[in-house]
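Should a chain be cited, it is by its letter among A, B, C, D and E, assigned in written order, with residues numbered from 1 in that chain.
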């Protein structure tokens, strides 16, 4: 299976492949974003308890889900990077980390903003909140570790190791906080877990989740390309790329 | 090979005994924390009892966090770490020895002073046993996980802060499971399940952590 | 036999050397020369496998050193700028550790060796309380203890007095006569016979090539 | 002469900003402590509120204690301390600059993050103000006293433990006065008297500590 | 003029030297010689007032140095085994600090001085990422910055390449020609004219006298 992927293990090839995929991702995420946002904000009915403030769910839940999805893809990339020593996988890891961190932050921020009217406090020590906060710390740790190394090859390897160690811990963290929390007090969040959401509320949510996923993919591809360019900036193919790019731009100007 | 393990451990211990502070520091840190809290919070026995396990575990965690920087840093600075890395034994094995020595110097003293703490914070017998057991299982896990963080950051100038950033998420589950077990004990419930969980984590980290540590060292010391 | 193939070393985006290849056979002393900052230490660390080259490989007895580290390290003794001596242990304790870890010559009497490096009477003083040159002597005492064939020494003469240097040079010659290899850097002139000694001079790249 | 003061401060700050960790470490330490306690003790807001000032002050004290070792140690190891000691300015003046820089790097960040702590530990406004004031007056005293301890122990291998042994008794009064003030504030009582006491301690230590530090350094670096 | 009167140095109960007296006039370079561990560093530290002698006094311009430290230190530049360079600052920042603290020559361009010590192009790299010799060059750059008349240098040539040593020796000669004093230790031979150079050789006490 890895054999057929091998050509793409070359930076140049995968740079081009990412370039080809990128427009599709952009278009797809733009469309789903527009549909989801319009539907969710304008057409979905207001919640009978929370009124319109519940609409923050259309950002909150997708962001929270993508925060985890981003980490899973990082973990897979890290595994590939360490076992098969593929540098592009390392690049994937660190291309994804900041994106994941931002999604996590969005989930936390929207959650806190939602919590103030709903629970009367910005922050409570709830299981979900705590594990999300810890996820943010893990992301920050990976990013900080990467940036602390001046040699980017070593940095990528170190970040991959940490990602992998983190992924082993993530489920443990998840369950530990869930159990810990339920021992002290009833799950605060349970009142929102109504048996089922009204279907008109659910559809926009699903679309928004898809939109966030596509957006995550877009950002990953962009950062992936940038990272390759930065690392290979003095390789002939990149120099050629810059030349042709300049030439095209000159022609356009004319 | 087993001889190499023993040699590394005994060298660490010798050095620590020579410095003295390495042995007393964790104990002393403990005593400080446990002394300061009654001073700072007030001395109602009920309140103290309620928060005692938490305080002890947080103190253990902080003590571990503080002692970690030492784990490879001194060796890195004076070049011994390089020498260990080019020794003819598997690096994972050598670092296991170092981590074991580290636990002997930080985890064990904490266990040894814990009876004192029990008295200071008026714990009852059951709670105390639970505390002891969780410390016994939990501190080696902390040492192993911490060593990964240290190994990743030892060559870096900004090591300190990064280390705690990395360590914190890794150590929270242990903290939570342990305090849960102690609380269960305080309410007279069974906490075997939680202990088993901690035990499983210990086994897993003993198995995998040395390799992660060795790999991290090869990356960060170069 | 140590063989380097097309080693390239890059630090902070600056190429220190590129496509460096050479072979050292047993019985040779190689003196790496070059101005400060030209890359001698970096090269020696590549040869020991402590850092990884940007490109190229190092072979020991025909095998890539990064593949079977343990058996390579059985044959290697490396002393860097940092000596790996523990300041809070005595000279004797330091040597005991090295003897147990890295030498098969467990029969040697460490007191004799300490006397050889001029530290008789200082066995039980903490290394931190020795003078700069005495501290280096403790590190160098490992050379007498060791039976590995490849010695990689980064400025072994630093802080050493003249007598110390003479003794050390004699030891190098004895080692290569027994079929060993010595790779070393130093900014001082060696008074070793030219038949045993080869020099590799590193020169800074004229145009600072960036990768 | 004032220029020398500024130069020392700015060098310290530059170094710290370069290392980054030196600035973030105290803040981060705080965040850790404040995160760990709810996790370890339980999440009842009432309980948290009750012990919050104590936790914050103990954390401040520990953070100070931890950062002290750095105060002269790095300079001692790389020889800068010797160079400062043979600079043509009075040593007491130079060390004042170093202590001031140290406070900027450890005390001030603690003040700056304290609003966040207020939120996490659900403090009310009055308590929070009292906390802020006591931290503002108390942390410089801690820095000055700590510096004496560090200066006495910097040349010693066994520094760490000795330092905290010396530091602890010196800092307990500050801890007690401060938490008393905060508690008074929490109950709506006046705490000006306590603040005045802390202020007097600050004045005294600013006046005398630099000379004690300078004398200690001359003894221990030789 | 530096004058020592009956200096006695004791370390760990061992007498390193006893009743040592000498005078150094301006325009002299003094080279302290002696085997490793004989007490050169200890002596230099006594002369700078960093440590206190077991017995005896040091006088600078006729005044005991321990009485008016500040004005003595105005005239003193000391470089020890440990160089006092901050690893987390760049070469330029390190020099800026020294210029502001210890020199009245605020007009000098630091970039020129860095070029003089062969660090052109390395101004903005953290000192920790320089090679051993380059780090020492950063410390030695202070000699160009400084206008104090008494230089006390403990193994200034350590880790320095040959070119560096030549440049430094020329600087010493210039300094003493301008009426300065240079006290140094090194285990390498100096190629300085004998008319400027005097040597003080420390010899280990034959019988290890204990106090």
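A few notes on this one:
Assume a residue touches a chain if its C-beta (ideal position, glycine included) is under 8 Å from a C-beta of that chain, and two chains touch if they have at least 3 such contacts.
The structure displayed is predicted, hence computed values, not measured ones.
When you average the Cα atoms of each chain and compare centres, the chain farthest from chain D turns out to be C. Each chain's centre was taken as the mean of its CA atoms, and the one lying most distant from chain B is E.
With centres defined as mean CA coordinates, chain E is found 29 Å away from chain C.
Note: centroid distance chain A to chain C, computed from Cα atoms, is 48 Å. Here the spacing of chain B and chain C, counted between their Cα centres, is 36 Å.
Per-chain Cα centroids separate chain B from chain E by 45 Å.
Of all residues in chain C, those touching 2 or more other chains are 11-12, 81, 87-88, listed in ascending order. Along chain D, residues 18-19, 35, 39, 42, 157 each make contact with two or more other chains.
Within chain A, the positions touching two or more other chains are listed as 150-151, 180.
On the side of chain C, the complex with chain B involves touching residues 45, 48-52, 69-71, 73-74, 76, 78, 80-89, 93, 97, 100-102, 126. Chain contact summary for the complex, chain D toward chain A: residues 35, 38-39, 42-45, 119-120, 122.
Within the complex, the chain D residues that touch chain E are 3-4, 7-8, 11, 14-15, 18-19, 77-80, 82-83, 85-90, 221-222. Taken in their complex, chain A has these residues touching chain D: 121-126, 130, 133, 180-181, 184-185.
Across the interface of their complex, chain E is touched by residues 11-12, 34-37, 41, 81, 118, 121-122, 125, 129-134, 136-137, 155, 158-165, 187-188, 208 of chain C.
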